[in-house]
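Naming follows writing order (A, B, C and D), and every chain is counted from residue 1.
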Amino acid sequence: MGAFQEFPQVEAGRLYNKLSVRPSSLEVIPAVIEKAVRTSIYGRPGSCYIDIPGDFVNLQVNKNSVKYVECCLPPPISMAEHSAVSKAASILALSKQPLLIIGKGAAYSHAENNIRKLVDLCGLPFLPTPMAKGVVPDNHPNCVAAARSMALQHADVIILFGARLNWILHFGLPPRFRQDVKVIQIDICAEELGNNVKPAAILLGDINAVTKQLLEEFSKRSFKYPSNSEWWKRLRVKIKNNEERSKGLALQKSLPMNYYTVFHHIREMIPKDSILVSEGANTMDIGRTMLPNYYPRQRLDAGTFGTMGVGLGFAIAAAMVAKDRAPGKQVVCIEGDSAFGFSGMEVETICRYNLPILIIIVNNNGIYTGLDANSWKEMLKLGNPATCVPPVSLLPNSRYEEIMSAFGGKGYFVKTPEELRNALKASVADKQTPSLINVMIDPQSERKKQEFPWLTRSNL
Amino acid sequence: MGAFQEFPQVEAGRLYNKLSVRPSSLEVIPAVIEKAVRTSIYGRPGSCYIDIPGDFVNLQVNKNSVKYVECCLPPPISMAEHSAVSKAASILALSKQPLLIIGKGAAYSHAENNIRKLVDLCGLPFLPTPMAKGVVPDNHPNCVAAARSMALQHADVIILFGARLNWILHFGLPPRFRQDVKVIQIDICAEELGNNVKPAAILLGDINAVTKQLLEEFSKRSFKYPSNSEWWKRLRVKIKNNEERSKGLALQKSLPMNYYTVFHHIREMIPKDSILVSEGANTMDIGRTMLPNYYPRQRLDAGTFGTMGVGLGFAIAAAMVAKDRAPGKQVVCIEGDSAFGFSGMEVETICRYNLPILIIIVNNNGIYTGLDANSWKEMLKLGNPATCVPPVSLLPNSRYEEIMSAFGGKGYFVKTPEELRNALKASVADKQTPSLINVMIDPQSERKKQEFPWLTRSNL
Amino acid sequence: MGAFQEFPQVEAGRLYNKLSVRPSSLEVIPAVIEKAVRTSIYGRPGSCYIDIPGDFVNLQVNKNSVKYVECCLPPPISMAEHSAVSKAASILALSKQPLLIIGKGAAYSHAENNIRKLVDLCGLPFLPTPMAKGVVPDNHPNCVAAARSMALQHADVIILFGARLNWILHFGLPPRFRQDVKVIQIDICAEELGNNVKPAAILLGDINAVTKQLLEEFSKRSFKYPSNSEWWKRLRVKIKNNEERSKGLALQKSLPMNYYTVFHHIREMIPKDSILVSEGANTMDIGRTMLPNYYPRQRLDAGTFGTMGVGLGFAIAAAMVAKDRAPGKQVVCIEGDSAFGFSGMEVETICRYNLPILIIIVNNNGIYTGLDANSWKEMLKLGNPATCVPPVSLLPNSRYEEIMSAFGGKGYFVKTPEELRNALKASVADKQTPSLINVMIDPQSERKKQEFPWLTRSNL
Amino acid sequence: MGAFQEFPQVEAGRLYNKLSVRPSSLEVIPAVIEKAVRTSIYGRPGSCYIDIPGDFVNLQVNKNSVKYVECCLPPPISMAEHSAVSKAASILALSKQPLLIIGKGAAYSHAENNIRKLVDLCGLPFLPTPMAKGVVPDNHPNCVAAARSMALQHADVIILFGARLNWILHFGLPPRFRQDVKVIQIDICAEELGNNVKPAAILLGDINAVTKQLLEEFSKRSFKYPSNSEWWKRLRVKIKNNEERSKGLALQKSLPMNYYTVFHHIREMIPKDSILVSEGANTMDIGRTMLPNYYPRQRLDAGTFGTMGVGLGFAIAAAMVAKDRAPGKQVVCIEGDSAFGFSGMEVETICRYNLPILIIIVNNNGIYTGLDANSWKEMLKLGNPATCVPPVSLLPNSRYEEIMSAFGGKGYFVKTPEELRNALKASVADKQTPSLINVMIDPQSERKKQEFPWLTRSNL
């Protein structure tokens, strides 16, 4: 059976809150909030749940009896022990086909500067996990994301910076990895170390602090992986081939458009420092390849569990923070049409707070039936809809952009590259108004053929 | 503290499924479904949860190894013991100010014919709970719904037909009931008997079967409560006064319209046998008074827990069944604007299956701030939206009807009685197309003043 | 897979309390207790859990503010509908090989007199489930418990009085039952009807009330199953054979004694109206056959889930009630040595309250290793006990009776029938002192060979 | 309300397993066990729960298909960041009234050598929490356990080595601590930092590694707290007074003995390297003061939650490990009579495995009624035991030692210091036989008067 069967707790453990707390009186609410905030940022970051009893909403409190508390100290930083750092450096230095994998833990710990220095200093190929994109910019010459499968499959030493060997990384197991791959794990969470693969070295500590330790170690050793190695050559060939295939797809002129064409134009038209939010199956997946991140912590996607319906909430939260700390920053929320349906009513919230959000729906008509809207209606008249409509289909040709205009935002319905570019241009220009672009694409549009199936299940 | 505090289990018990079952193999799915269906309809009706593991979706099964099972027998019927029936009849016969309360258990057990006979035979005033409306038609002369508070407060004997003494019936306690009220409880569920009030008689059994037992008893005794009693006179005066107040509010000409006006026109324009679905605070509450039911099991509202967001799901389920068993029947779903927001995206489902649903949004702009849309936008430009927009407000002047047109249904935006009547007429006439009427009402429109606060909390 | 796999909820549902309630203040404790008591006795009897917060123990309350409540009415009685009664009677009247099964529901509803009348009136063979023993006395000539397997396997019509078709009754499925058996179910709980087998008739109601309805029906029809039928002949032959085999085992003279010998003497020496409590594997199982009950509700055993460790708690509860309501009544608690170990320390409670309890440990030295105590000690000296002692063994020759004398009760260590009879005589004679008889039996003693394995798993 | 009310999650969080895992097939059991063991020892140590389905017990597996896995690497070690170490050292160096508190985290991380060096190097007063006793020997001259309340109350800087500010340390709040106390926290678990008190410095990492960092820091700074400071003088006076009071109680000649006398003799007679297990209220509490530990990880008591019934299980586990790794080591399990009753039947397990365990029951007859055994029996004859026996009492004069002899161990009943010394001598001399000493003490014997109530509740 599959990975979720085998180790449900490993994955599911992340579903739970770090803390679930219920204040017993109004007086202690500040203390409860301090505890929740502190717990969520100390150690491995995670959410906390504060359950304020409904009865409290209308209660009154004597302000003098409230127990105010100060804000907590910045999160404590821990480092790996010296011997583990040294061991990791030795293993890496002996590697013939090294690979550095950057996980979202690296983003959380603000390790971008040090990881970039390490990549540059040692000349290592690197690969980001989806939410680690931008820790080192996707256009850095050492990024081998376009040769991901090959890099994973042939690396002899892999060093993980806050990335877990879960299903997104195929559990670190054959056939997606070499049987004899040496894994070096850097993580803030001891319990993640050794999961699924026995590592060659384990470095427990804050990702940024440990990266700094490695930098110091490599500064002393002056290790540089040669850029003309066989490994780099193979990777560069693969990257070139893959990028050309993507480019070919992106420049196809036929209509309706395909995914690659749509992402190509989005990439060209949106500001480079936009916060990207993404969900959907193909939309999120292809978007990971086609939409580059140049800055850390600017990509939010459905994450480890692939939970749909989170995109608009993420976009709203990102825009609220951005409005406060980075006025003028654009949030671009790219959604499959099915994913949008989970919480599309949040458009009302976006408009109510007038947030700088551009929603782009890459609309392949759900899982399409091949009918146009009129034939669909005819079909419905003939029989019981419960039996004649496939339960996993959505209504074709839905005008999602009208949901935006219903609440005072701007809606665009686009079918061609020109229409798409015009709509993107107008949306980005008018930061005062939320907008939604409903992009009709070819229902047959698919991801490029992959060598391995999408969902990796543990060999266990 | 309140009732939910005191007896969380009593109420919360209803939240749980009667059965939660997970098939261990594909072969036993029919047996599991038979069990779930049977459990949901035997005894007190309730939901069952079948958890089919995700892995099963793509498994194959040898058809010969499947354990098919026959459909279960019709639900068993139980009756009350004779002495309890006789005792109940005696208590009722001696009552000076009797009241019959019909609960949704009466609807579930198809007791409408026998309860109506009993009401007519004995000349008793009756009151339906929200989902029992229509068991006896709301326009029956013995219906005292328009004098509800007075009827409850002064009755000396109350007989409950499948209605529970929970918060909706104010726990059966003073000041909403007489301290010395004699309660006769008829219920299919033994554990409901005696909750909150010690009854004078308890009749355990199927509501319809027990009603028949009572009918037989009263046929022998030939008991008839006099229609010229003091109690009837007081009730009739109260009814007349209340109806006149409602009528006065309904006929107000000022704009924007109030709730009563809106419901008045809906009542006149929709088919009498429509299935009514309702949710929202004032919308559901005032609608209980203003929108009559003439048939049983044709009203679905948020029920005991007042859970918002269920309306569109209820409407879809009702329409699917109606399309199959009662073609041509109209489902009318009356929603507050806040309630609609919980699951407004279900409009896509409605349109996908082309269901005969008319959604009416009684739109008071959420909890309004007093600003028009322009002033609102100005305000947003001035500051951080998180602090300047009240968190419980919705966006004013939302054009919910465009959500319907986005998916191919018909949307109407109405501000006057004439527009409302035209929209209702058009919607009802075109059964082939789902429609949504967005009715703008006066944000200050409120329920008539009540003698008691809305939410009853237990004295306990 | 097995039954527990297939329908965990069906069985496990019984594990949960009917009500779990936590008073929110001292004032409402009486109301909470009334609710718990009422809920536990109304409908299908079951336990309720009252969770009184630890903080309450030291709180004070103003007695005037306590909400006292009256005791609830006696449980309501419901009856089956007439047509179901009539249908059941017709099916039974046509049966060639009928069988009446009495479940503990019959005991709970005090149906003993009416069921006995029915058995006598109609001449039907009957079988009690373990906790229904004594509803009709085990020595009634129509009791076919000694031909249990055969009766179940060949009956063409079975009528269940408050007995469930769970694993104890082999789910009512082949090969333990005929494929074409017609099942008539009488139960107070609608949700139990139709489980595992589609019944020929379902009668929902209080067991006693429904039995009375059946009695009335059969009085009219004057149905009497002929005592000289082929079915009765076969059953009587089987009963005779089985009883002779048991008797043979009971009268064996070899030492150590076997189970049958021990139970034979217990049966002869204890008062006929003793309350029997029992747990253990073979001890409980063989005891069900060898120890007759002559009165209803006087046998407590581990029940549906076979939970070990409940025996001493049951005995204490039974003795506390007996001391109050039936002074002089003896409680006899028959335990396997393994079962006793789960809560043997409760002997202290028994002695503290000086309860009229006689504990008999039928001691086969756990799952014996074949060593005597000295060889055992030698073995332990040789190696790591964790590896040389089988984990499922108990210490041989434990002197459990000393646990009783440690707390002031009387302990007996017996190895022969004479010692056993003397100890039983002394224990029963001195009702003022708790006692414990530690009976050493042959570790190889086993149950008679059975035609079917012990644990039935559902075909599903 | 109290601390448990306020922050149930903080405390209760520790109740849960770090991992709860259920293997999906026999083949993966080794992988599941590796994961459970690794998870339990990586990061903060804690228990894991492996739920092996009952059906697996009788399944067979092809050995070749089993996925064997290697044992995990030793737990990773993390260190605090340099600046935090430096800050902590500076704060400590400026302290006028410093206090070092050693928690069980220090024991878990094997920090004993480095903490002792630090205590010696800097001349600091220290205090162990109950399960940290022995990390530095209790007879070290810097141990201020005998002046615990005063040390806590007046320290101006406190440095915590793996100790939490939970109720056992009075939440670090007034009146038990100074309002302005500066707290330095060292912990392996980030989420523990900052609980209840805002620390002056937080050092996240392995306790031993961080202690080493501090040692290095102080080696450079050559900080030594003067042994003739006012603070040391006050502490020494308090220690002397308290020790004299204890000694006075210990040497009292009156009979029955008091707690202090009993512990005094136990302390003198048992080997210094015994593993001490303890539970009970006064027994555990006074034992913490009166029974010294000279080695780390040799004291097991009921811990943070004060759960009773764990003592015998702890003793068995400790003895199994000791038998393997430290043959000849004595386990001494000191129990209150009430605590023993929770799992007294485990004596059978102790005897079955012939474990080197000496159980000492400090028997104050539960919460005594003042009756001797005969008067007690008389009382029981008079009335209903349920009402005449106080529910929190135990049976007086229980002969618990007979429970040991029932299973072949040695039991002693002692009432005087001489009998106690003889029994201790004999028990310790015969390591081949488990023994139990039942020590009768004065039911009125109490703890010395304390300045503060036993259970600290949070001010919050």
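Quick note on the criterion: a residue touches a chain if its C-beta (ideal position, glycine included) is under 8 Å from a C-beta of that chain, and two chains touch if they have at least 3 such contacts.
These figures come from a predicted structure and were not determined experimentally.
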Shortest chain-hopping distance from chain B out to chain D: 2
From chain C, the most remote chain by mean C-alpha position: A
Gap in Å, rounded to a whole number, between the CA centres of chain C and chain A: 59
Interchain centroid distance [CA atoms averaged], chain A/chain B, Å: 44
Where chain A touches two or more other chains at once, by residue number: 1, 5
Full enumeration of touching chain pairs: A-B, A-D, B-C, C-D
In the complex, chain C residues that touch chain D: 1-2, 4-5, 55, 320, 323-324, 341-345, 348, 351-355, 373, 377, 380-381, 384-386, 389, 393-395, 397-403, 405-408, 432
Contact set on chain C toward chain B in their complex: 1, 5-10, 13, 18-25, 27-28, 31, 35, 38-39, 42-43, 67, 69-70, 72-73, 75-81, 84, 189-191, 193-195, 198-199, 202-206, 209, 459-460
